[in-house]
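Below is a structure I'd like to ask you about.
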Amino acid sequence: MTPAELRTILEQVREGQTDTTQAYDQLLGAFRDQPFEDLGFAKVDHHRSIRQGFAEVILGIGKTPAQIASIAAEIVTRERPLLVTRTDRAAWEAVAAVVPGAEFHEAARAITLKRDMPPGIGTIALCSAGTSDIPVAEEAAVTAELMGNSVDRLYDVGIAGIHRILKQRARLEAARVIIVVAGMEGALPSVVAGMVSVPVIAVPTSIGYGASFGGVAALLGMLNSCANGVSVVNIDNGYGAGCIASMINHL
Amino acid sequence: MTPAELRTILEQVREGQTDTTQAYDQLLGAFRDQPFEDLGFAKVDHHRSIRQGFAEVILGIGKTPAQIASIAAEIVTRERPLLVTRTDRAAWEAVAAVVPGAEFHEAARAITLKRDMPPGIGTIALCSAGTSDIPVAEEAAVTAELMGNSVDRLYDVGIAGIHRILKQRARLEAARVIIVVAGMEGALPSVVAGMVSVPVIAVPTSIGYGASFGGVAALLGMLNSCANGVSVVNIDNGYGAGCIASMINHL
Amino acid sequence: MTPAELRTILEQVREGQTDTTQAYDQLLGAFRDQPFEDLGFAKVDHHRSIRQGFAEVILGIGKTPAQIASIAAEIVTRERPLLVTRTDRAAWEAVAAVVPGAEFHEAARAITLKRDMPPGIGTIALCSAGTSDIPVAEEAAVTAELMGNSVDRLYDVGIAGIHRILKQRARLEAARVIIVVAGMEGALPSVVAGMVSVPVIAVPTSIGYGASFGGVAALLGMLNSCANGVSVVNIDNGYGAGCIASMINHL
Amino acid sequence: MTPAELRTILEQVREGQTDTTQAYDQLLGAFRDQPFEDLGFAKVDHHRSIRQGFAEVILGIGKTPAQIASIAAEIVTRERPLLVTRTDRAAWEAVAAVVPGAEFHEAARAITLKRDMPPGIGTIALCSAGTSDIPVAEEAAVTAELMGNSVDRLYDVGIAGIHRILKQRARLEAARVIIVVAGMEGALPSVVAGMVSVPVIAVPTSIGYGASFGGVAALLGMLNSCANGVSVVNIDNGYGAGCIASMINHL
Amino acid sequence: MTPAELRTILEQVREGQTDTTQAYDQLLGAFRDQPFEDLGFAKVDHHRSIRQGFAEVILGIGKTPAQIASIAAEIVTRERPLLVTRTDRAAWEAVAAVVPGAEFHEAARAITLKRDMPPGIGTIALCSAGTSDIPVAEEAAVTAELMGNSVDRLYDVGIAGIHRILKQRARLEAARVIIVVAGMEGALPSVVAGMVSVPVIAVPTSIGYGASFGGVAALLGMLNSCANGVSVVNIDNGYGAGCIASMINHL
Amino acid sequence: MTPAELRTILEQVREGQTDTTQAYDQLLGAFRDQPFEDLGFAKVDHHRSIRQGFAEVILGIGKTPAQIASIAAEIVTRERPLLVTRTDRAAWEAVAAVVPGAEFHEAARAITLKRDMPPGIGTIALCSAGTSDIPVAEEAAVTAELMGNSVDRLYDVGIAGIHRILKQRARLEAARVIIVVAGMEGALPSVVAGMVSVPVIAVPTSIGYGASFGGVAALLGMLNSCANGVSVVNIDNGYGAGCIASMINHL
Amino acid sequence: MTPAELRTILEQVREGQTDTTQAYDQLLGAFRDQPFEDLGFAKVDHHRSIRQGFAEVILGIGKTPAQIASIAAEIVTRERPLLVTRTDRAAWEAVAAVVPGAEFHEAARAITLKRDMPPGIGTIALCSAGTSDIPVAEEAAVTAELMGNSVDRLYDVGIAGIHRILKQRARLEAARVIIVVAGMEGALPSVVAGMVSVPVIAVPTSIGYGASFGGVAALLGMLNSCANGVSVVNIDNGYGAGCIASMINHL
Amino acid sequence: MTPAELRTILEQVREGQTDTTQAYDQLLGAFRDQPFEDLGFAKVDHHRSIRQGFAEVILGIGKTPAQIASIAAEIVTRERPLLVTRTDRAAWEAVAAVVPGAEFHEAARAITLKRDMPPGIGTIALCSAGTSDIPVAEEAAVTAELMGNSVDRLYDVGIAGIHRILKQRARLEAARVIIVVAGMEGALPSVVAGMVSVPVIAVPTSIGYGASFGGVAALLGMLNSCANGVSVVNIDNGYGAGCIASMINHL
């Protein structure tokens, strides 16, 4: 039931065109069965469009190029930005055939089509510990940029050579929120959070071998960070970190 | 907003006592903010009372006797059955002072006050592997009985002496649903499920030592059951198993 | 020893054709060595045929198309329904050559041949959280349908957009038992169980990455459900959930 | 070396009071050994005072009342807010003797002394799933309030009765950042994040038993959240969540 | 049904005192419902008495001295050996009051009453790695001795001083079966098994700290033994190892 | 140093051909550096030949056919039985070219060349729970047979149809030692051990999916067996179980 | 057999006082049964005394004051340094009564009696991340000092305030080997190892809560260190780290 | 800022060519932003060149031959030794085309180009338990040799045949530091450490199956070593062990 329908029913009651019992039954059904979102109020709509912009990302794993292209085409018709993560060049070729202008980001393994989005207030700094962490970092970067943010990349600043990150103090201090991507021992977010006073989103990566257990070591390191301001997302979840950072940067 | 209030608003609209804009705003607020349950429809109410009868069990862990007694008193005033789990004699003494007739079940570590409940259709068979599993089994029994079920207890029928459970085939076949409580290797549910064609609710217990890992060995054994009809609840969750069995027995 | 053989021995004793010592030895041997099931009594048979209908499902993993076809042919000669799980089109082609009428369910990765089965009493509602969970959900659906049940599918109703499942309250309330299939955080069963008062069979799936640990996160979430009525089967075990739901629906 | 000392050296060089070799050695030593923070520049100082306000929280575990009182006294002399977490009444009595005005927060198990802090921009909504999660939630609340934030508490809104949280949509939408505290299956953050478009800080608690594994089930559930905007802190880390929320609320 | 009853029925049939239908029904019931063990044949009885001698050990954990004494008294009246494990002096005092002659083994934390048992064929060698492993080793020793075996103890022969175990080659070679008890890295069984050609029963102990994880490190070490002839029992399960060694020594 | 060399030195000392200082140095070196095994005494040799018969099994994983053939050829020249495990037909073809008479056991994935071995005293019963466990069971069978044992195979006797194993009581009782191979919940060893009084060697297999965790569920089930006489080897370690059973059967 | 005895036998052979057969038997026995260490050669003895100085440390856990005092007294009579770890004041009082001069180190929870030991070549730097890590650090310090090393303590230099450790570069560079003790995320060893070129011994501590899992997070962080030169000991194993550092410092 | 630049600024101040305010600003910037390492002092440089020699190893996993060749070429131009680990022949061919003289080590899966390095003081003994552990051992060997060390290989000396390692006592005692590589139960380091008094670096390997859990069993065994002097690196981290041993051997 839309607000317009509700108003019509009330007017029909007032005019005597609908009796109260019939109106009562219609409204009762709406109360019980309809999601509020279906009412379609402006404010809700506005919220949803922002949220849906995020929510309708396509996770490329386990989908054929044809499937991805088909979902992508549908999203694009609703004038929303397009984001496909964990995908490849073959999928991009299928998407590009139906979504002119779709871009492929090789390092990020992502496909995008930009739309005008409200710009973020400040800059998102994005640190990665090693070169192997870059695909996850780039997924975060592409996500954040698509959502209207400016991203400052600081790659290969892991703690084994601590001067590399110390040197970047000014750029870190200039950011409104910082994403830190790291595998192995996952200690970079603690060091970064100890240098600044803005929120740090930590992304453990599955980079490593042996007792890294596919990113568990990094994940535990980040959860146990002794520095203030560190919160954590799932292993390799660059997309999630990009979303959260964008939310914070749009506040 | 109750159904009566809705009807009143509609009648006021018809009578011209309320204009449609004002009614529109009232109804819109109700659509967006009120839980359907608060409407208080008979059917919903009926469902809730059944569900709340289950839901308002008091988990005794970490609550003082005084706190337990206070919550118990409130539940009882609403004419609902009382169930306190994982509790002790001291709590019972506090409860009994404000809830006359409350019973203490020492083996089950539970306090109850019975109410008339619709009776279950058949019998719930309740097997336990060893004597140490009895407290968890009794928690299931007390729960199921409080909800109006008849429970047939078959205790100490673990698989190390396989004849013990085989001997009970007739009683197992007579049940409408079976709860099986076991620690250590947790294999009894598989054996029981292989003997009958009714659902088996498996409850792993934390009984054991070393590589039982507080019930994990039993839990994994039950989840990997090669017999049909076995589903599993949390370690030591006698209450949960009693609930599910009662639900099935009331279908 | 069959009942007929037992009766014959007794009659031979009565007639003096067999002396009691010889009869004693024969019966003693039967007592000790024969499974009761081999006696072939009607009631037992009846039970077995129900149970065997479930038990003789063929798990397709690790079997060649030829092996699957050979076992399938044998099952079908005994007039039982055929179910092959976790299989593929190649196996189906081999089966179809020897079992005319065998169907292939692509989404469920299953092969079936229907037989008349006693119909379930009510409907089994089957919810899945995301589109990636559908293969496991379909395995449950195919299993339940083969066993004579009517299945109401509610797919893609995960909790990140909570209105999707709330909207389906009426269909959930109409079910006699509900299967909920979910990966990632596995929270959908708790939400569903909080909305109804019938048993919920939760199936964790291995869908996810990183700290989903192949379905462990979903499994733990379901075992720790704070809602009443949730029991759990193994990760990806759509077949098991279908069986249990069918058992409950035939009570 | 302070900026003043640096300036003095340069002036002495200019005046010829110090020769360049001696100045060179002094400066070289400062370059290599001194932390930049010891330079004491205004901007750095300002940052540090904010950060140190957070950093000097006293974790009460494993410290005697006397030790806590002694550290507390030192912090207070530097005009900073005092926060002691995971402590008890005995520690508070020791602290109160040397820090007049120190407050004890029983539910949060915390001791505080307020100072004027720059106020947060909006409100921090704070949800807890069950009553047992309140100590962790209160630790977050006390932390955030001490840091100048206004906190809107929504307690006991767990998902087993989904209407409880749905009812609070307006209050959730009014918040600038949301903390969600939950044990057991840890699904509340996903539901909340699906309803809003602001960042959600999820705090798993160790509440539960059996397969909750001291909060691991909740932690994994939160890390695998299928909703956008959820990041996670360590099990029971109310303090950490309060910090991060305050950082975001001061941006 | 006992063999005598069976014979009686057959004779009554022969004599015409019972008709075949009645006899048929009686026998059918016995076939289906009675465990074979209840028939009470000599051979079965003999087997059972051996097995029950093992099976009726009382695990002292979680039982009061009164409960232990009561079960002990019942076992002793059936002329069987008594074994209570994981118990204490208080329980022994209660047992001794009703079971004259019961002994307390302080190091093994066990209570026994000896009976004549068939002697084992050879000697059981029993090695322990460190002095902290002795309680578990002594539980194995007391168990094996009670079952009629001669035990040769070789304590404190851990591999950090490899000469200690090498020195004992002759005693190891003289054994018919060897029990090896070890905590920490659990490597002693591999070394011992590499020196002999008889079966080695490995018992991991929970001795250790940190990454010993309550005996898991030792358990995994033993399961992964690169030496032939090593099988493993549960952590701290001295009783189980004693049983198995006795079984082997009686072959 | 061989015994003959020792005797020669002593005789040279007696004859004055070697002075005591030179002999002292030679003997001291031998004491310190030589393994006793290199002395080559009869008794030791005899022991070693038995042990080496086991020890020189070739684990086929990660070795090329050429490598396997080369090691096999060397073993065979020393007149010892040949056993290659976890191998394939290609390796067998390479081996057969250099070891005439080498056999390939497809089900066991093993290559053997028999030698006369001292026969085991009794029979080894070998149970497997499901057909998928047969490769591991056959590895145990081939190992045990090669070592001179007679093996009685009881396959597909898992506990979901408990009558299957109960039926085999006589064959189980006839065995001197029993190997039980099972995946999934791993409960078969407990049931078997509860039926007999001989040692049971339990072999968990990696058969299963989801929460079987590659055999961990079965392993834990077996370690926690509540029946007497069960010891456990590594997951899928059919070879190890065959060795131990053979050792016991040769006592 | 001692070298002197060997020489005597040879001389008796030469003199004809012993015939070669008798000598042969004596020597053969010695070859087979005696550990080389029992020969008592000077060099071996010297090595052993160093090693035993380490090996005979008394782990205080689970020992009574009387037991500790008794073992301590025996060690001291052999003129070796005394070290009791994980002990308390009560044990010290018992030790002091029989070992005059024994010292109690409260922070390290250790008892020592110094002996002259060969001094280490350089200094051992000892870093701890937080004040809670000091007991483990002090155990390492007391161990290393007892073994003749000079220890430079750098406490409370955790990475959340990275300037704290950077400031200490000179002291770190002056060390010959560095021990780094840290709980929580365990990242300090990586930072330290990135600043120096000497070996770093990392000691994870069990300090922390929640997902620190009793030191597992720190342990994994250290094992996955991306810096060169980091090796790791067991959780809380300050003693072990002190030993290794002393070994390196004496090379 | 280099030392020369600092000296120039000071001289310009003295000469009046630069005023103090300008100098002050330049120096302040250098204090805050420049890593000390960029100063380029001789001593630091010397340290860095040693450390960087280690740090710039190329981990071959996940890099194309072209990428590896390109990084290798850059390293070689700086006159440093080249080390590529976990690589293959294809990568070597790419490297050899741009780095004449680069060697491929097949067993170690490594590419090197030697440079003159300061020689280690003593020998590094390198033990491996089984032949499958050799690739990891060879990675350690190649690393250590490249860094100027002499390596004594003792392969296939696992503890199942304990005489194999005992025989090598003299070679072990001759080493200044020992690396021990072992999979499965990982007990060899304990045995070796019990025989010597120099540091032992233990490297668990992922060799094994079932409950070896990809090297976790070996890792835990090594962390729990009851022998003094054992520290541990990550699973399969031959490179790391080679580095640490070289550091120790250069002290």
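Just so it is clear, A, B, C, D, E, F, G and H label the chains in written order, and each chain counts residues from 1 on its own.
Everything that follows uses one rule, which is that a contact is a pair of C-beta atoms (placed from the backbone, for glycine too) under 8 Å apart; a residue touches a chain by one contact, two chains touch by 3 or more.
What you see is a predicted model, and the numbers here were worked out from it, not measured in a lab.
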Chains shared as neighbours by chain E and chain H?
F, G
When contact pairs are matched by residue number, over half of those of A-C recur among E-H, C-F or C-E in C-F
Check D-G against C-E and say which one is joined by more contacting C-beta pairs.
C-E
Distance-wise, how many Å sit between the C-alpha centres of chain A and chain H, to the nearest whole number?
39
Where the CA atoms of chain B average out and where those of chain C average out, how many Å apart are those spots?
25
Among the residues of chain A, pick out those that touch two or more other chains and give their numbers.
32, 34, 36, 55, 160-161, 166, 169, 210-212, 216, 219, 223-224, 228, 234-235
Touching pairs - complete list by chain label
A-B, A-C, A-D, A-G, A-H, B-C, B-D, B-E, B-F, C-D, C-E, C-F, D-G, D-H, E-F, E-G, E-H, F-G, F-H, G-H
Complex contact set, residues of chain B against chain C
36, 47, 50-51, 54-55, 121, 169, 173, 176-177, 196-199, 201, 219, 223-224, 228-235, 240-241, 243-244, 247-248, 251
Per the contact definition, I'd like the list of chain B residues that touch chain A in the complex.
3, 6-7, 10-11, 13-14, 16, 19-20, 23-24, 27-28, 30-32, 34, 36, 39
In the complex, the residues of chain C that touch chain F are 32-38, 55, 59, 61-62, 204, 206, 214-216, 219, 234-237
Complex interface listing, chain D residues touching chain C:
129-130, 158-162, 166, 184-187, 190-191, 193-195, 208, 210-213, 216-218, 220-228
Write out the stretch or stretches of chain D touching chain B in their complex.
132, 160-161, 163-164, 166-167, 169-170, 209-212
